[in-house]
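Have a look at this one before I ask anything.
Chain lettering (A, B and C) follows the sequence in which the chains are written, and residue indices restart at 1 in each chain.
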Amino acid sequence: MILQMIINGLLVGGLYASIGVSFSLVYGIMGIINLAQGTQIILGAYLTCAMVQFFHIDPFLTLPVSGFVLFCWGYAIQRCIINMVGKGGVVLTSLLTFGLNLVLINIILLIWNADFRGVNPAYAGKNFELFGATIPYVRLAVFFVAVVATVSLHWFLGHTQTGNAIHASAQNKRAAQIVGINIRHSYALTFAISSGLAGAMGTLYVILKPVSPFSGADLLMILFLVAVLGGLGNIPGALLGGVVMGLTDSFSVLCLGMQYQKIVLFLGFILVLIFLPRGFFGRRFYG
Amino acid sequence: MAERDRLGRKTTAGGAWATRTVFGVLLLAAFLVPLALRGYWVRLLANVFMFGILAQGVNIIAGYCGYLALGNILFFGLGAYVTAVLMTHFGVPFPVAFAASGAGAVIFSAGIGLLILRLKGQYFLMATLALSELMREVISSLDITGGGRGLTLPMFTGGAATVNNFFYYLMLLLMLACTFCIWLIDRSYLGLAFKAIKFDEDAASVMGINPPPYKTAAWAISSLFTGFAGSAFAYWMGYIDPGVVFEITPSIKMYLMMVLGGAGTVWGPVAGALFIELVSELAWSRFMEYQFLIVGSILILTCLFTPKGLMDLVGKKFTWSLFTKGIRENKI
Amino acid sequence: MKRVLMGKLLLVFTVSLFLLGTVAVRAHAAQDKILLGAAISMTGKFAREGGELKGGYDFWRDWVNGRGGMDVGGKKYKVEIIYYDDKSDTMTAAKLTEKLITEDKVNFLLAPYSSGIAFATSAIAERYGYITIAGAANSDALYERGYKYLFSLLPPASHDFNATADLLSRQKPAPKTVAILALDSLLTILSTDGLRNHIKTLGLQEVYYTKFPAKTTDFSAMLTVIKAKNPDLVFFGGYFEDSVPFLKQCKELNVNAKAFAFLTAPQFEDWVKILGKDGDYAFSVMYWARAMNWKGPYFDVKSFADTFQKQTGTPMRLYHAQGAAGCVLLQIAIEKAGTLNQAKVRDVLSKMDVTTFWGPFKADEKGKNIKGRIAILQVQHGKTVSVDPADPGAKVWYPTPPWDKR
């Protein structure tokens, strides 16, 4: 039972982490709280549903497509709109993204309707036993993809020229411009990566759970918790935050019962913030 | 012509009479509305006033003090539940329950404020958000609050018009009290201290302003009025459940109203509340399919072109450069 | 500075008052029409149910108008319905109900979806003396407030699960243990509380009970605990968006039971569509089924579905029927009273004992429908089949085989 709980927690935590990472990235580099992130994930999910319905392909294959579509959307939206209020402070930028969120929801409602959508490939739910614990293949795959995405993003930011440029823009705007970095481009690129990641995670999410145009708001809360827990802007931190959250979910049910799950989660979150005011690995220069 | 008041701000003596006349007329109009308009409009305006109170509550802590308490709806829900529990389980009359709601909100905010007001910027924002979710879950799992089943309050006795008028005046008076309170703060040393903390907390403490008491005071005042609003809301609706009073959308709406009207101004949030409520009222009654699109687009345009709020724009001469001022100042 | 500020303020207020004024002017309805009003959820969390309810109202309106209108005291009246979207939000619904009554001056109100919203709207309707026939709000607490103008079409929610438990306890091999899960919301808690009392009389043992918070999408931890208890029956008191991930995760974690019973979720077409073969064997509560074969004035069960399909071109779903049934009931009461006076129609409704295509209706003194019935559906081969009362040739599939043997 304990082993099963740990595995459950890890598998759920992987998904939490990967959607938290995309949010944390934009926050860390640009100091923008992207309230549209949840709905971007939902948009990715809807794209997957549409492709599965029309082309009858495996949902995992649609991952690059929904990722790419959201990447382009993210780049455009950051370059044309969000950049225009970039210096306006966190209240203004978050309200702007909230406006974008409403527009996105309406677009989804107009194209599709308010119905719940989901995909259920034939292999969904297949599982194997390991030391008495049941492990579903799909969840494992989702976990794997999520972790690979997170780790490669971390590598990209740390070890490539573009990644370094993005980091530099986060640390000191003016200095970055002086050394010849086009910060508008690097900001747009950051936002695009985050949106693209959100789109890809939407694909993974919809394989596990059905979505409606309004599910974004529920996801947003998870995004917040994971990103803050790990330290805003810290990618490995978000991974840890997600896993901690997943494990907390599991063990609170085991020890106290389902109805206290969220109480434990939020209480734990507030306690962490009181004792570690910047999350696990928050750094000062971000934001 | 420009004299200066005690705090060194410019005042114009000539405008005082005109200002007072306009203000008096508007106030009178607000008090006479229930005589002239029918049920729906009275309810709609009472609703606007309620959001006015909520937006003013956010204005004190976020607009003046710079602490973004996104989860301020917490006190609304707390106030609503204190009233509901006292009235249903202990048979307490409404005025007492109303007062208890305000007191409960203040005690809670002061207590928790000492702990989490140390958090900076967005971490504080997230903490308040988590706090409101936590409160929702705690209330959902308690027996005395009826859990997820909610609570049915005793009925307000009287006909439809009496009920509407009662809550209309209650909300109106609350909003005026709240605004008056902000007006007093704005003119006092307290307001200056708040603004100093918003501008630069470290500098403020160097200048001899010890931030924690001020921050806590700001949040307590904010929570007092939000709690009152919640209490009135519970009695007005007659039934509450955690999903209704702890919803996150109104939290974001409060900020929207504050920014749209003008953060850190005395009347801005009220104007914002009036504007947003009326626009969304029009948007969904006429263009149901596109309501989110319309409200969302207005929001985006506001952020782009009038980042300092409507109050900043009205009364100035309209030029292209004024129109694009927001973008010029804020773009990267 | 101050002066400029007040000037701005004046401008904002004038503009707002002007807006108010222009909106407030509204043409009144013509005299030979009956004006009905509905504040209904077209967006938000109840968008699906609200939309179907509206479809039912629309169908009834067109159908009545097609017959020349409603017959009130020997005069035919055409029917018109005004709709507003309450965004699944209680406060908005309350505002709109008041608008319908005081601004649009509707003759009658049609009910919204969900008990939570009906709490607020029926309170307003009661004050103005307007009838609410709640087509889709059956929480017991609604009817404990002593309202005189509120009637329920459905049997009380606390009995929702009982018929399923009765049916399952009669199956062989007999189930012994039960796990009950309840979403923490008004209706779901009521129905599971009713069930928890009811299973004691059936000799079933409750081995696991939990509430879960709203918006839970991950049940894996809870399922691990349930798996260890190995219950024969699993009752899941939740809605569409909870039950789909729940069942998927049952399969993922290989949690088996002799039967999985849900509230109303599996009757939705896309519940079955999303889950595909995995949805088979699930039981659902249904307030109405073709197999019930009610005969009433205007329609019986089958002719209603056919007429609906012919008139609207879309297949009939549950809430279509539910919405139309409320309207038909109102129509019968109005025609019987021969007047548009709310109080008189109310008196007729409270004494009426009538069977429509929806089933029998007889209100007790609190407005609950004491003659309401419940049907049980089961998903079989990707379709919902009524098993109690049974469709011709339908059998209960029991016990549910383990996931790896399906």
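Keep this in mind: contacts are C-beta pairs under 8 Å (C-beta built on N, C-alpha and C of every residue); 3 or more make two chains touch, one makes a residue touch a chain.
This one's a predicted model, so the numbers in the text were calculated from it and none came from an experiment.
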Number of steps on the shortest touching-chain route linking chain B and chain C: 1
Between the pairs A-C and A-B, the one where more C-beta pairs touch: A-B
Farthest-lying chain, centroid of Cα atoms versus that of chain B: C
Computed distance of Cα centres, chain C from chain A, in Å: 35
Averaged-CA centre spacing for the pair chain B and chain A, given as whole angstrom: 31
Junction residues of chain B - those touching two or more other chains: 137, 140-141, 291-292
Multi-partner residues of chain C (at least 2 other chains): 43, 184, 211, 213
Per-residue multi-chain contacts in chain A, two or more chains: 109, 259, 262
Chain A-facing residues of chain C, complex: 43-45, 47-48, 51, 181, 184, 210-213, 215-218, 220-222, 224-225, 228, 240-241, 244-245, 248, 251-254, 270, 274-276, 278, 403
Chain C-touching residues of chain B, taken from the complex the two chains share: 9-12, 14-16, 18-19, 22-23, 26, 29, 37-41, 43-44, 47, 137, 140-141, 147-150, 152, 155, 159-160, 163-164, 237-239, 241, 243-244, 265, 267, 271, 274-275, 278, 281-282, 284-285, 288, 291-292, 310-311, 314-315
Complex contacts: residues of chain B adjacent to chain A: 62, 68, 115-116, 118-123, 125-127, 129-131, 133-134, 137-138, 140-141, 248-249, 252, 255-256, 259, 263, 289-293, 295-300, 302-304, 307, 326-327, 329-332
Residues of chain C touching chain B in the complex: 1-13, 16-17, 19-20, 23-24, 42-43, 84-85, 87, 90-91, 94-95, 98-99, 101-103, 116, 119-120, 123-124, 127-128, 141, 144-145, 183-186, 188-190, 211, 213-214
For the chain A and chain C complex, residues of the former touching the latter: 1, 4-5, 8-9, 11-12, 109, 114-120, 122, 124-125, 127, 134, 136, 138-139, 208-210, 212, 214-215, 218, 249-254, 257-259, 261-262
